[in-house]
């Protein structure tokens, strides 16, 4: 390829811009969305419709004193927020935004994504541990048990998808679903049988909310219990990076859901597919996540774990078996 | 009110400084720190009717590390004194303090000659930037206090004074 | 839910909850000895907002203490006004005109609704639900508007006078109150019950959490919704009627589950009962003066006096000792949450941290009232 | 029999001095009201009070030594503790402790138990063994008045800072 030097640069810039804009403006969306739900305007004085609010927050966070409290593990304390941020951005590399917009179409991209997602959990663990704050340590212990529990059903549902598509390449999985919403994995027919993949979709969506530590599963930063959880000791951009990492994880989760279940960049009505359909789908999913957050109270740690170990994992196991049976037997 | 005469710093980045102060003034995150009656009015300010979110100041952070402004909403007493000082010290620079209500200004109704337990004003513990009188001040007064603080940071007032 | 685990007392650590912590609603500090997330021992530490009210009472004359009463329980300030007015009226033998009694009842009940709304909001905030807070505040603002109209302040009222009230109510207030009741009734099922009360996460979260037996209530002297959630039918308004409460037809909601959900339901039902009282009082409101003739220099006879009223948090007592002078010789306030909180340590033992905070929220603490 | 009468009957054996018929005890009950400024002159005993005027039904004056016995009787009658109040009488060189009890029953019955101790040696037995709720109330009274509750499990400052060295509600205390 002659453009080999420009291609990575363009994608690097593109992904960084996409990540940056999303990380900044999802915060704004969340605040505006919360305002909408709560019958108030939300940020609106800083710039038109409050659009400059993320900029102001960014400037403030970046120029605030970066406090490293006494008694913390200095290196890990400083590195943890970066670790939270990097995997989220790296994940974008393998996400197919449309048929021809994808930085790298790796064969095992699904696996890579899950490997990177686990790193985000390690960032929380390290951040909480290095802070040396009791609340932070409780929070990181919670985060680890939660992420462990929810990765299993998540992977199991993905296995079902992989079996249907016969590929671990996100691009192939998406291409497999082209041609209108009745081809999407969520409404999948195989050999004349309906596959009940919507069960898998619900499990996957619940897990992705839990994996990103969002309410009602925000055990790790449960404000009324653990002050600010693993972020308690982080000030300035350390905190900012954690926040951005959280939003990016939501974006990655939404991208993954859209690709695996909702046909990726496919048009629901079988018309011209394109990147805008993909963006529309992920923002609908992201809005749902925000909506859920501002509607439900927080659940309890043991209920959260029970939900995963006692309900989601058996269901996803059954899901895998049933899917296999439909594909192979019928 | 005349614009305050802020002493200039040694190294000046005039335009950048303006940008920074604009950013800071428009993103004042208060600490979740209610002491007494005034805290209820502080909560009301976050409510739908007054909506402190309009100014981007609704992000009440429970940890002092992430907050920019400490709203001392209530009475500080001798037992709490140390805790409040610690919280102030835990906040990273730049930080501001709003003394909300008479108790935080001077001890308010508890500044009596029998006073054995109440600290007579938050400014005895640390510097205070904005004083909001009232017992308790109305939510509008807190919004005005936030705007006064913005004015103090940027030198410009968001809206003309009424 | 207390899980059946064996707590290992050798690997514990101490966690300081507060004085600045989002869940303590003020400046309560709870010293928790924890084993992982299990609480081995909980000890509330009070006094972070002790403001010498009882000392100030002894220093000033009788009317001078009235503003202080509102600053103790700022959420149900009018009940504190009322309690103090009652005890002084008893001591000085002052008769209150009937209209004033009705107005007292109306305003106190309105204030009770506001207090319960705020509790509801704050409780949900403890459980991580932020949106209900704003819905409740929306309704609460309407109550504050009404009360501000006649009392002149939003939160810390100084409305009651010995022998009456400071200000008569007008037609606009009456119409506004009726409007508000209609509004709250119409919002209750959709916004409050559909969104929260019937929410499966909330039900699972607070059912069977914080079990307080009736006997425990008695040993600690718990009153108000805490006792009523444990199956004790005790409400000062019914048991020991004061003011004109006997003239109204209202129920005392009692639940026998003894858990946080029961206390939640008691408070939600109480709002409806308060609305019933207000409606009846508005219907029956007599004409007449709102302030009796009271000597300027109040000097009650020497003696011991006690009065109790029902605040949103329980039975509030004023123990007044007079020596015949113009100052209260001794005024002791029996604050309901002081007793209610004292059982926290015993109940919280063996609970998970998050459950203990849900339990603490269900006690409805107002710290300045505990510390006085 | 009403709760009031039951309680009165249960408390009567504690005060053998009052063996006169109840009719004779009645006027004596009024006495403490007038004698409030001089607690020294009061005699131990049980007396009914005028509820509409004073807000409670029964007044028990007892020696500090009788407190636990009184509390146990009230506990058996299913009373609960409402508050403990200290009162300082510097002229008489005395400190008084007023306990308020009431009941959950539908019929109102409030009992006030009063006891006096010398100001120089304020020692009162604790009733926290009988009513758990008395624990904090006693700590508060100790905090404000310096009254020592003998046998209390943890008699420490509750509202004032731990290192406070004064008892603010004593009449002669001035900061």
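Note that the chains take the letters A, B, C and D in the order they are written out, and that residue 1 is the start of every chain.
One rule holds for everything that comes next: contacts are C-beta pairs under 8 Å (C-beta built on N, C-alpha and C of every residue); 3 or more make two chains touch, one makes a residue touch a chain.
Being a predicted model, the structure only gives us computed values, none of them experimental.
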Task: Chains contacting each of subunit C and subunit D, listed by label - done: B
TODO: Between B-C and A-C, flag the pair that has more C-beta pairs in contact.
DONE: B-C
Open item on the list: Among the chains here, which has the CA centroid at the largest distance from subunit D's centroid?
Closed with: A
TODO: Mind checking the centre-to-centre distance between subunit A and subunit D? Centres are C-alpha means, answer in whole Å.
DONE: 64
Open item on the list: Nearest whole angstrom, what separates the Cα centre of subunit B from the Cα centre of subunit C?
Closed with: 29
Open item on the list: Centroid of subunit A to centroid of subunit C, CA atoms only: how many Å?
Closed with: 43
Task: Intercentroid distance (Cα basis), subunit B paired with subunit A, Å - done: 36
Task: Residues of subunit B touching at least two other chains - done: 47-48, 62, 79, 113-117
TODO: Could you tell me which residues belong to subunit C and also touch two or more other chains?
DONE: 21-22, 47, 50, 52, 55, 134, 138
Open item on the list: Touching at least two other chains at once: which residues of subunit D meet that condition?
Closed with: 160-161, 168
- [ ] Identify every two-chain combination in which the chains touch.
- [x] A-B, A-C, B-C, B-D, C-D
Task: In the complex, subunit D residues that touch subunit C - done: 32-34, 36-37, 52-56, 59, 78, 80-83, 85-88, 98, 100, 102, 104-106, 108, 110, 112, 114, 131-133, 135-137, 144, 157-161, 168-169, 171
- [ ] Please name which positions on subunit A make contact with subunit C in the complex.
- [x] 34, 37-40, 134-135, 138, 141, 215-216, 218, 222-225, 227, 294-303
Task: Residues of subunit C that touch subunit B when the two form their complex - done: 19-22, 25-27, 47-52, 55-56, 59, 67-68, 71, 74-75, 118, 133-134, 137-138, 140-141, 144, 154-156, 367-368
Task: Interface residues, subunit C side, partner subunit D - complex - done: 46-47, 50, 52, 54-55, 58, 87, 90, 93, 217-222, 227, 232-234, 238-240, 301-308, 315, 317, 319, 321-324, 329-330, 332-334, 338-339, 342-343, 346, 371-372
Open item on the list: List the residues on subunit D that touch subunit B in their complex, please.
Closed with: 160-161, 166, 168, 173-175
